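Shared chain: chain A. Partners: chain B in the first complex, chain C in the second.
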Partner chain A sequence: MNNKIKKLIPQILTILFVVLIFGFFTMNAQVNMDNRGIDFGFGFLKQEASFDMQFTLLDYDGQDSYAWAYVVALLNTLLVSFLGIIFCTILGVIIGVARLSQNFLIKNSAAWYVEFFRNIPLLLQIFFWYYAALRALPLPETAEPWFGVTYMTIKGYYIPSMIWENLNVFLSCLIAAIVSIIFIRIYARKLQEREGKQLPVFYISIGLLIILPMLSFLIGGVKLDFELPVLKQLAQTSFIFEGGIALPPELIALVVALSLYTSTFVAECVRAGIQGISKGQKEAAASVGLNPNQILKLVIMPQALRIIIPPTTNQYLNLTKNSSLAAAIAYPDLVLVFAGTALMQTGKAIEIVGITMLTYLTISLSIAALMNWYNKRIEIKEK
Partner chain B sequence: MFKHLKQLTSLVAMIAVMFAFTTEAMAKKSKTLKNTQKKGFVRCGVSQGLPGFSNADASGNWTGIDVDVCRAVAAAVLGDANKVKFTPLSAKERFTALTSGEIDILSRNTTWTLSRDADIGLTFVGVNFYDGQGFMVRKSSGITSTSQFKDGISACTNIGTTTELNMRDFFNSKGIKYEPVAFEKADEVVAAYDAGRCDTYTTDKSGLAAQRTKMKNPNEHIVLPETISKEPLGPVVRQGDAVWEDIVRWSLNTMIEAEEYGITSANADSMKTSDNPAIKRLVGAEGEMGAAFGLDNEWNLRIIKQVGNYGESYKRNIADTGILPDRGPNQLWTKGGILYVPPAR
Partner chain C sequence: MNISLSKIKTSNPITNIYIGSFLLSLAIFDVFVYSFFNLNITSFLPGNLNLFFPLIIGFIGLSFIRMEYSGIKLVDNINKHINPSNFNALLTLLIIFTVLKAIPPALSWMVLDANISGDTKAACTGTGACWTYIKVWFKRFMYGMYPNELHWRINSAFILVIALGFVGYFFKENLKKYLALYYVVIYPIIAFLIIYYLISGGSFGLVWVETGAWGGLSLTFIVSFFCLIFCFPLGMILALGRRSNLPAVKYVSICYIEFWRGVPLITVLFMSSVMFPMFLPEDFFMDKLVRVIIAITLFEAAYCAEVIRGGLQALPRGQYDAAKSLGMGYWKMHIFVILPQALKLVIPGIANTFLALVKDTPLIFVVGLAEIAGMLALAKTNPKWLGFAMEGYIFAAIIFWIICYAMSKYSYNLEQKYKTER
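What follows is the complex of A and B.
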């Protein structure tokens, strides 16, 4: 009994301490806000935002509310994080494997890449890609086409946009292909467990993915046209491309910088994962007659992934949070638009910073939950 | 037992807090003034570098007409115009820095608007520069008027400014589709415009004139004649300290009125024996003009002697540096401008 109380007292004191600190902060904020005549409330979210955004995924106009501006800015943040995570994973895996290559040149270039990009502060890299690399790009009127129809200019990357006819038919074909692939995989696994036969699942999947959408073009009446960017003159020396899709240079610089920077950390996670598997595993797999492909797929990777996933999750979280550096180069993300412009126009500092913090927390926790779920799925199942 | 103890402590705490507030409210002297005098310097928020308004040289000395307002306050309350701690702030940071108490005066080419004055816990004390928003373009573009703007034009500017809102109003009213590119820092805006990212750069006209001097080749750029908004720029203080507000307001007014009466840093001392009582009041030789603020009687004399009158400040910072040699509306009302301040009496 006595022992129990002894254990409880520090815990109660800690809770009391935390509650008191929060209470003090709240009271302090309230008193100061009262003194300065600042109201607390979220009513401003319904007001007209009355500022424009450079780049949005959904329709947005200055007449929309602050709440809508928040959603649109949040999507911009998610877009950068999503693109960044994909590119940094692809690059990271390639570089990580390259560091383990037997080839002297490949091994050392990969090592140099990692040491170079991870040891320069990210903000500097963003500035480099935006200001230095951007300045080297041509103006729209002097830009040479890339791949014939796209233009990389100082004002952005212009690509053709797609104009679909019967897009829904095409999409249903694509979904049908994916669903059938899932079924075939399940069937193939059962077949192997029952009869030991192996189906060429990979080739079947690729075939389905190509053939079904192709059919939608041939029979389904799906048509695809491209709208090409066309040069337009604004003034004597001022040009712009019209039509097609314009990817702003801010987005490109940010994705490039985030991907390159984070890929170095991912590469190290991948290297650690592969090196963490003892040589004996590979030799044992070879001795039971698996070919090198099967060794990698069935023996090495499943074990390596367990080492790779948790630290890589951290890198994904870092990338997402680092995307807030967008504010430095005018990419309209959550921090620039909502915690920047909207905060300035409304003066609701506490509310807006609170919402922004909660948003990043939610994004981070969601990514962590997703990766934890994946980690659970691939971890050793005790039988 | 514990329950009662808790109630008792919270009661005691509440009484203590209430007592603290009543005594504070009763004190005549401004809390900000008291803190400033205790610290020995005025905490002043300025821009991150806008020539003519607030700009630091290589050795860290701040100059500009916005800087001079803070120096005037320092001269008035501390007796030394150099006792100022300058905090460079971006447009986005400035109001939070002031309301959170990090600085006591915000003198950073800030536009006085209704919502800023009423909503966000700020009080504007006056206008030290009458400005309006304009556009800068490259000379080579051949554009000489905003009427030549076309759909697809990209405009670089700062976030968190009235500029961002005016720009939308302007382009919408003309029915022009535009691409806003908004940066957090002024230097970044200039760098992006200079690199060719944007077709036009828009901000207050004084800002355009000042930033032009920073560009690679200033002669390649022109400011278009149109002015699309009213931008009265002036110093700002926190709401809730009326005495401090008055000190800053009348420090600025003193500079402007001193010019009106021809009192300069050079002749201020000799003006003490002037025949004109208005002049004598401005140099602390008549009346008790400092008592209401909790200051001595020569506070205004120190401002004029150490910082100079408004005209001197304008000439030193804006005219002689070639930014805007013509004073335009920022001329005294007696000389055809709109500078008109209430009398110090």
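What follows is the complex of A and C.
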């Protein structure tokens, strides 16, 4: 009995503390909002947003609602994170492997790359790319084409856009190819377990991925045209590119800075993962008679990935959270559009900051939950 | 002579070494002359071949040199470290050539064509960097808008705080047990008082300087310093809470930690500047800097808690069991047995958290505090000094790089030290 009370008191105190703080804040908020004539509620989401965004993935103009502005801004955030994750993975894996190279020069340049980009605050890197590096680019009229069709100018990066006919046929072909590859893989594994035969799964997969979409062009009536960016004169000294897709400099600066910064952390994860596999594993696999490719695919990678993936996902999460620095260079992401412009216009501080934080929290927690599930699944079950 | 690119054999390896090193030095000489003196000694070759000539020559040279054992120390070292295979040889050449190509423009921009004399923009005539800009704005980048003649107050406050931080080293043996008390309770209070009375002023005959005038690198230090000393005790409580077996305490701690770890710092800062005033009583005014420090402390405490939890988990169970078997209660066990050991384990982790904190502080710029990134933005848009963004950001990057690199090396050394001590 005595023991029970001993355990109960601190818990009750904790809960009381939390309740009191929340109560205090709510009470103050109520009084403050009454005084300023603001009411709490999410009705404003349906109102007309009446501000413009420079760069959107979906159709958006000032007449749309705040809710739609939220969705469009969230998509912009996700776009930056997505691009950043792809580039930082590619860079990070290369650098991580290079740090383990036997070549003295490669090893050291990779190490310096990591030390250099990791120790400069991300915000300064973003500023550097946006305000200093990208401002040194040529004006549209003097820009030299890169690869013949793309133009890197001070106003952004112009690339050709694709104009599809019967896009859905093409996409369904692609999906069909992927589904059949999955089935072939399952079948190949079964075949190997049952009869010990090996199918050249890799070549079959590549063949399918090329042939099926090709067929859609030949038979399915799919057509692909490119719309090239063309220089257009607006006034005596003002030129602009028309057509194609324009990637704004904010997006480029953000993606470059985020991927360079995060790739250093990914590189460290990759290095730790590969170093974490003992040499004995390799030797054991070789003595069983596997060839170097099989050793990498069947023995090293599955174990290394188990070490690499959880911290790397953490870095991806950090990248997504860091993408909110977009607000500092006016890239229309969730924080700038919603916690910045929309908040200024409506004055609904509590609701809007709450929604913004909840959005990031949802992304983080769902990925963390996914990771926990994955970790449980791949955990080595020791007795 | 039998030429196979993977290994070239002749009867006399010395001949190979001579030919190889001649070709290699020719390639490097070509690139060197071209990048430093702008002389193209291979201009007689047609277009593309001209471009790839040093690469090809160097590659062939390296494959001549490559051999199992030559007896010459330098050649063997080259073969082992930078020339073990064709692929590595190619990468080696690429790295050497990139460095050679990059040095002259970087050198001429940063040093040879740069200006540092004079006090106005007019002094910058060269094509290189304008360090005059940094020189003129240096005090602003360091101290923000803090009045020039009062800079000694910031300097002396920092020196005092740092000196007090080292006091622990000189504690006598019988005072050692109060070390933790000193660092966790007394030191933060003294530091706060020093910074409040010396930098803020307002009493003892010192002029009051409002926090809006604080800025530059010194503000970065003030913010990160306070956040560190405040987030540490909070993080400790949360870490203990998360490992507690009382469900209410445990879940409150988990919710707190996961919430702050799940949101980006920038939204936390927005919260501190627009949402937080709504939660306070009407007539209660809180300075913007204080609000920002509170917000970052709450945020950082969650990360700190996870680091400390790592240390608590790393302790063997036997320590807990032994302490309990001596009849120690929860608090006695933690204060005298668990925490002293666990905290020692987490010092490198805390140093890393602090490093992340220092790297995060430029963010306070988004809520209008002019720390170094803010001062750079201000200087960049000054009509008298337009067009020097590059110099400013490079300067700030160098400063931060030195601070962060030194700290990361220090924490790495600590880690190695404690690893061997255990």
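Please note the rule applied: the second predicted complex is superposed on the first by the 371 of 383 C-alpha atoms of A that agree within 3 Å, B and C clash if a C-alpha of one lies under 4 Å from a C-alpha of the other, contacts with A are read in each partner's own complex, and residues count from 1 in each chain.
Everything below uses one rule, namely that contacts are C-beta pairs under 8 Å (C-beta built on N, C-alpha and C of every residue); 3 or more make two chains touch, one makes a residue touch a chain.
Predicted, not measured: the structure shown is a model, and the values here were computed from it.
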Contacts of A:T89 with chain B and chain C, given as first, second, both or neither: neither
First, second, both or neither for A:S259, with chain B first and chain C second: neither
Touching partner for A:T346 - first (chain B), second (chain C), both, neither: first
Chain B versus chain C as contact partner of A:E115, first or second or both or neither: second
Which superposed partner A:Q54 touches (first chain B, second chain C, both, neither): first
Which of chain B and chain C A:T312 touches, first, second, both or neither: neither
Which superposed partner A:A328 touches (first chain B, second chain C, both, neither): both
First (chain B), second (chain C), both or neither touched by A:S216: neither
Contact breadth on chain A, by residue count: chain C or chain B: C
First (chain B), second (chain C), both or neither touched by A:N35: both
Chain B and chain C contact sites that coincide on chain A, given as residue numbers: 32-33, 35, 131, 135, 327-328, 343, 349
Residue numbers on chain A that touch chain C, as the complex places them: 7, 10-12, 14-15, 18, 24-25, 28-29, 31-33, 35, 101-106, 109, 115-116, 118-125, 127-128, 131-133, 135-136, 321-322, 324-325, 327-328, 335, 339, 343, 349-350, 353-354, 356-357, 360-361, 364-365, 368
Touch list for chain C against partner chain A, complex: 81-82, 84, 88, 91-92, 95-96, 241, 246-249, 252, 258-259, 261-268, 270-271, 274-275, 277-282, 358-363, 365-366, 373, 376-377, 380, 389-390, 393-394, 396-397, 400-401, 404-405, 408
Contacting residues of chain B [partner chain A, same complex]: 91-92, 95-96, 99-101, 115-116, 119-121, 137-138, 140-143, 148-150, 152-154, 156, 159-161, 164-165, 167-168, 172, 178-185, 188, 191-192, 195-197, 199, 238-240
Chain B contact footprint on chain A (complex, rising order): 32-33, 35-38, 50-54, 62, 131, 134-135, 139, 154-155, 232, 234-238, 240, 242, 248-250, 327-330, 332, 336, 340-341, 343-347, 349
